[in-house]
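In what follows, subunit A forms one complex with subunit B and a second complex with subunit C.
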Partner chain A sequence: MKIKNIIITFISAIALVLSSASISLAKVVGDKIILGAAVSLTGKYSTNGEHTKNGYNFAVERINSMGGVKVGGKTYKFDIIYYDDESNSGRAAQLAERLIKQDGVQYMLGPYSSGLTKAIAPVTEENKIPMVEANGASRSLFTKGYKYLFAVLSAANQYLEVAIDLAVEKNGGNPVKIAMAFEQDAFSQDVRIGVVEAAKRTGSKIIIDDKLPKELNDMAATLAKVKATKPDVLVVSGHSKGALTAIRQIAEMKVDVKMLAMTHCDASKLAKQHGKNSEYALCAAQWHKSLSYKDEFFGDGMQYDKEFKAQFGYAPPYQAAESSAALLVWKDAFERANSLDKDKVRDALSKTEMQTFYGNIKFSPAGQNIAKPMVLFQVRCEGDKCENKVVAPTKWAAAKLVHPIPKWSER
Partner chain B sequence: MDLLIFQAPILMVQASLDGILLGILFALIAYGMALQWGVMNIINIAQGELVIVGGYIAYFMYKAGVHPGFGIIVSPIIMYFVGWGLYKLVINKVVDRDLFISILATFGISILTQQLMNFIFGSDVVVAQSNFGTTMFFDGMVTLPNAKIFAAIVSIAFAIGLVIYMRKSKLGRAIRATAQNARAAKIMGVNTEKVYAATFGINAALCGVAGSLIAITFTLHPYVGLPYTVRSFMIVIIAGLGNLPGVAISGMGLGVFEEFADYILGTEFRIGSVFMLLVLILVYRRFKLSRKREYLK
Partner chain C sequence: MKKSNLILYGTILILGLVAPFIFPGFKLQISFLWILIVLAMTWDVQGGQMGYNTFGNILFFGVGMYLCASVQIGMFFPLAEWTEAGGEKTFVHTAPQYFQGIVFGLLLAGIIPAIIAGLIGYGILGLRGHYFAICTLGLGIAAGEIAGGIELIGAGQGMTTPPWPKNIGGTELRSQFFYYICFGLVIFTFLFLQWAYKTRFGLVLNAIRDNEDKAEAMGIYTMRYKIIGWMVSAFFVGIAGGLMGNMVGYIEPVEVAFAGPTFGVFMVLMAILGGKGTLWGPVIGATVFHLFKEGFWTFFLGWQYVALGVLIVVIVVFFPEGIMGWLREKYPEKFGEVVDEADRKAQVELK
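Presenting the complex of A and B:
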């Protein structure tokens, strides 16, 4: 009986300690600033969710080992609470709620993908919790008047605008004929809006405007139309599936266009999976390792690439790079606010103006990063080895744009 | 833009050929579904997932340096046993039950397979390269990827082979007998349990063939199985159960219809118009059936 009592007392003591610990797991514990993130570790976004998590962790370790965050004369270290949102937007919103209400998190990091960021943003906004996100590019995130959302990446509509400008420039400043095929999802349709705006601005004509259903993995009809109408530019965006399908069928059908502009070339490992067939495809990306931006934590892109590879065993895609950049933004904001108060930090975030290895960061009132242009690279092959080479903006161009694309009969 | 197909009649040739090749591939998947639906009275929601698993087998052969075309031999063999195992594990418990129960069970298998594929193969979209090249007609205006021609020939060969097998072999006769009347077949000494397992295995094997063809003609991803399930379901509905030539014809017809809908209405209406057609056909069937009942009265 006595032993039983002792055991019960012991267990309840432990429970008490644990429960008080979980309550005080709030914003700052000891010398730790706790950030919260719901990231897709399972489900259809799991690959990119993993990149996001690795990017966050890489930056946390780096910042902590290089002296941490100095606020009010005290040094803090970053720590992140992760939950798996299962690539499901309902789950993501629930987890954001849990991070804020149960775990007491006061500072949030974004999930992977525009859709999940859209699901979380209303929750963080309602609770007035600042969130720095690195993987939600949808334009609609920045039109709702959110005050606590900050995105380090360029918005989706900026992805392929540059390509249209480039095509017009190569056409001697004259308008071009554009054929486009976009998947029917939030992100791809945002990219489409950007292209439509660029077409309007340059007086270019859109002659094919196909919307691809999500379930579709056959673009033969669209490409046959392209073949018959001979546009100057073909624009395709439909995540990895769209990029891989387009290249496969363009090669099979021998579709000749002067310029082929796409998204998700790096996410789909286009150059590796399709090899020579993907050559000359022009791709929009948020970041490329050869850009010459610098910061004190990671050095430049090349150095980030090398060190990330050493730690995680694969070359960092831009999803990892932008995730790391989000942590640099948090550190900078905490130090400028010189406070742990979430509203003061939020104000500091809104005044961010800095350079990171990932690019310049400055937020518009809507929380959009307006200081960083998109990068365009072109797939180029030497022998059987194909690589992405930056061709625009010209300041960082590592290779010259090949335009027009050689005909299939001449390759 | 909508009238492009009439301005350039050559596109009609392209659309018809693309549609027929696509339809033959779908018909193969539908063929398996019709078989096990007819024999076991089970609607297999996991049909598309079986296709994708079959595709991944071909993809991993390609990764290991073997030409993915050989997937059409390896994949059905592996998939036969996968199907057989699935029957022994789950399907045998729902085979005599309500149709609703079997839909629920196969729906569960479908979700589980998706997640397992995602866990094991990763969520990247992958393709296998056949390097078969392209056949061109009319000065390059009409192109047919040889991979798709290969897919069509293989599908037809497997379909014909199966028809002959069903007619001539002992197991084939047993399967047909079970489909007609399971109870009577049992009394006559047919081991229906074995027949069911074999039928499900054959269905999975056909999915394996189709999957390895999809690996070289389209793309693979753990979550793209559903469109194949839906498409084969529709083909079977239109053709009617036990009507194997009908499956081939409705498969090709749907393929061509889809391509033309794409050219005339636009890509965004492609899948929608196929569903529209399904509704029309079902309404028409009902109408015909009710007229027949009138006569009987």
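Presenting the complex of A and C:
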């Protein structure tokens, strides 16, 4: 039975391959502190995954070139092992395990999106590996009692609450009619919770509450309803693809609504891709370059914006900025812990209190950043050039909110 | 059993049993391999042995996953409160609860999908060829969208499976536990199918593939066999799903549970890669596929699917019958096929 021999040979070959793939404990190699990250390089989050990766790399280069990390009198440099999680949560969890068990990574960076962070968090938590994540905003991440999860960004339910408050304020303090459509994913559903709470608080009425499918390509049905019912505010959230789809179809169908509030306008480069069609869209963002925070590595937001643009050829969306901030947090924690022991570093992380170009960072016991507010900006055009202008909070407002949005017939 | 068979099975069994100790870092990946093998073998029951290309088996995978997790939680705690944020903080499974939950969960994760397969099969197994394939493709997609709308199981937020109980050993024990269940499942599935293919049941499946009308004309009630075949697949796929959910720890309706674009397609690819319609084909196919995939992921970061695509094209062009099919053509005598040289020559001359 030669065929059986072939199979036996085949199996032993596999065994050999596996055993020769040496399991290196790579938490620190020479003068390098190895961080692990699974980010989306392919799949539906690939654009934002790329921003995340660029943000990480930008900060790693900057920190390394400015003297690295000083721990116990020795200078270390950061290095990151990347894997591609394909925007798939099953894959992300598997890769987290691989990073920890096979690559021996002891310090993790987060993936892009709440869903993927939710998939990875149970793994890092079980293995007691600290993770500083910059792109998982879902509120449910911070209610599970995770001890090793630290998020530099504000929670998802805070994204568009402000927009509802603003609409009520512009309506003379009277309740408004809200139409909303959210993608079926962890992040957008959390944004929805925030809006629902804001509606309850202000006594506003939700007249359309649609769930949009993942892989969002069409929301004409929702927009047809919006045209018929004329709400005061239209809220849409579905990552970059959702933002692009919404603007495209709102322009096509000429939907008039007083306020259009969205997420992911800068990540999807809305102002560039849709130009004038995207004007007056109100967007929630974790960060904007015009904010006046500072640090020694990147200077302020304007400087970060300029240097990032010079290196990567595009303006950094907040996803890149917050990812860079995660590295600053790591560096700070290592130096304060003055140790490479993961539990000591974890304790140092929990006591973080610092300012970065991205904003103040201070973690609640649940690991959520409680020191940084969200900002709202509006897409404004001058001639053919469209830009995001901060309109709230008032401290940084660079432009006045245009409300209500002019009708399509008058544009 | 023949001696060489004994050596082969012995080697695999021993390797499987000691693998977690030789390659402790690869436990999860090998567990995934066992799951993939189960998926490929059960797909082959329809796609290979019966000639019905189904894209719907992922439905049972997802149903099994959600059922198992829901049972594990629902047996002891209110499920709705668990899936609301913060559930797993408030409710903690003790060790006995955890294991009771997983036993019942996995059982139901097998049985209920089998029943669903019976009911759906009764409705759609009358379709043939492309019509059946398209219809089953719809099943998986619809299930994902429906699951994404049910609040009780977390809707689009997804749900987490119970964490490993705290006081009985750490994550090493957890991955060993799941490793051995997966290994057990793959062995059980293999032995069951090996036995089933030898019985009249296997012959009927092949008869349906070769000529369903003729089989019916000979008095075989083909519908009954088709349904039973699908129920068998659903049973094993459901259990595999339940295990997968627990290993990943987080169930997401479209990406983890009803993952048509990944596992749903992988199971077809693996069976075809290894050689459909053979017992060993899906096993070999799944192993090769998994090894290449993991390798590509490490060495062709960001290009892994392109590399995988090239591999598939190469397979289809050079090994259209899969690895086992190619071996069978090359060494027919090893498969117990008698080649009549004179007859073969005569045929060549005729051409």
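The criterion applied here is as follows: the second predicted complex is superposed on the first by the 384 of 411 C-alpha atoms of A that agree within 3 Å, B and C clash if a C-alpha of one lies under 4 Å from a C-alpha of the other, contacts with A are read in each partner's own complex, and residues count from 1 in each chain.
Note that in this section a residue touches a chain if its C-beta (ideal position, glycine included) is under 8 Å from a C-beta of that chain, and two chains touch if they have at least 3 such contacts.
Note that the structure is a prediction, hence the values are computed from the model and not measured.
Participant: Taking the superposition as given, does A:R139 touch the first partner, subunit B, the second, subunit C, both, or neither?
Facilitator: A:R139 sits against subunit C, while subunit B stays out of touch.
Participant: Looking at the overlay, what does A:P213 touch: subunit B (first), subunit C (second), both, or neither?
Facilitator: Touch partners of A:P213: subunit B and subunit C.
Participant: Between subunit B and subunit C, whom does A:K227 touch in the aligned arrangement: first, second, both, or neither?
Facilitator: first
Participant: Now for A:M66: first (subunit B), second (subunit C), both, or neither, which partner does it touch?
Facilitator: Once the two structures are laid over each other on A, A:M66 reaches no partner at all.
Participant: Counting touched residues of subunit A, say whether subunit B or subunit C comes out ahead.
Facilitator: Result: the larger residue contact count on subunit A belongs to C.
Participant: Applying the touch criterion given at the start, work out whether A:Q184 contacts subunit B, subunit C, both or neither, answering first, second, both or neither.
Facilitator: both
Participant: Considering only touches as defined above, state whether A:Q94 meets subunit B (first), subunit C (second), both or neither.
Facilitator: second
Participant: Considering only touches as defined above, state whether A:M302 meets subunit B (first), subunit C (second), both or neither.
Facilitator: neither
Participant: For A:T47, decide between first (touching subunit B), second (touching subunit C), both and neither.
Facilitator: first
Participant: Residues of subunit A that sit at the subunit B interface in one complex and at the subunit C interface in the other, please.
Facilitator: Correct list for subunit A: 42, 184, 211, 213.
Participant: Tell me, which parts of subunit C touch subunit A in their complex?
Facilitator: 2, 4-5, 7-8, 11-12, 15, 22-29, 32, 85-86, 88-89, 145, 148-149, 155-158, 160, 163-164, 170-171, 174, 244, 248-250, 252-256, 259, 262, 280, 284, 287, 291, 297-298, 301-302, 304-305, 327, 331, 334-335
Participant: List the residues on subunit A that touch subunit C in their complex, please.
Facilitator: Those in contact with subunit C are residues 1-8, 10-12, 14-15, 17-19, 23, 41-42, 82-84, 86-91, 93-94, 97-98, 101-102, 115, 118-119, 122-123, 126-127, 138-140, 143-145, 183-186, 188-190, 211, 213-214.
Participant: So in the complex, which bits of subunit B are touching subunit A?
Facilitator: My answer: residues 1, 4, 8, 10-11, 14-15, 18, 22, 115, 118-119, 122-127, 129, 134, 136, 140-141, 143, 145, 147-148, 218-219, 221-224, 226-227, 259, 262-263, 266-268, 270-272.
Participant: Looking at the complex, which residues from subunit A come into contact with subunit B?
Facilitator: My answer: residues 42-47, 181, 184, 207-213, 215-218, 220-222, 224-225, 227-229, 239-241, 244-245, 248-249, 252-254, 268-269, 273-275, 409.
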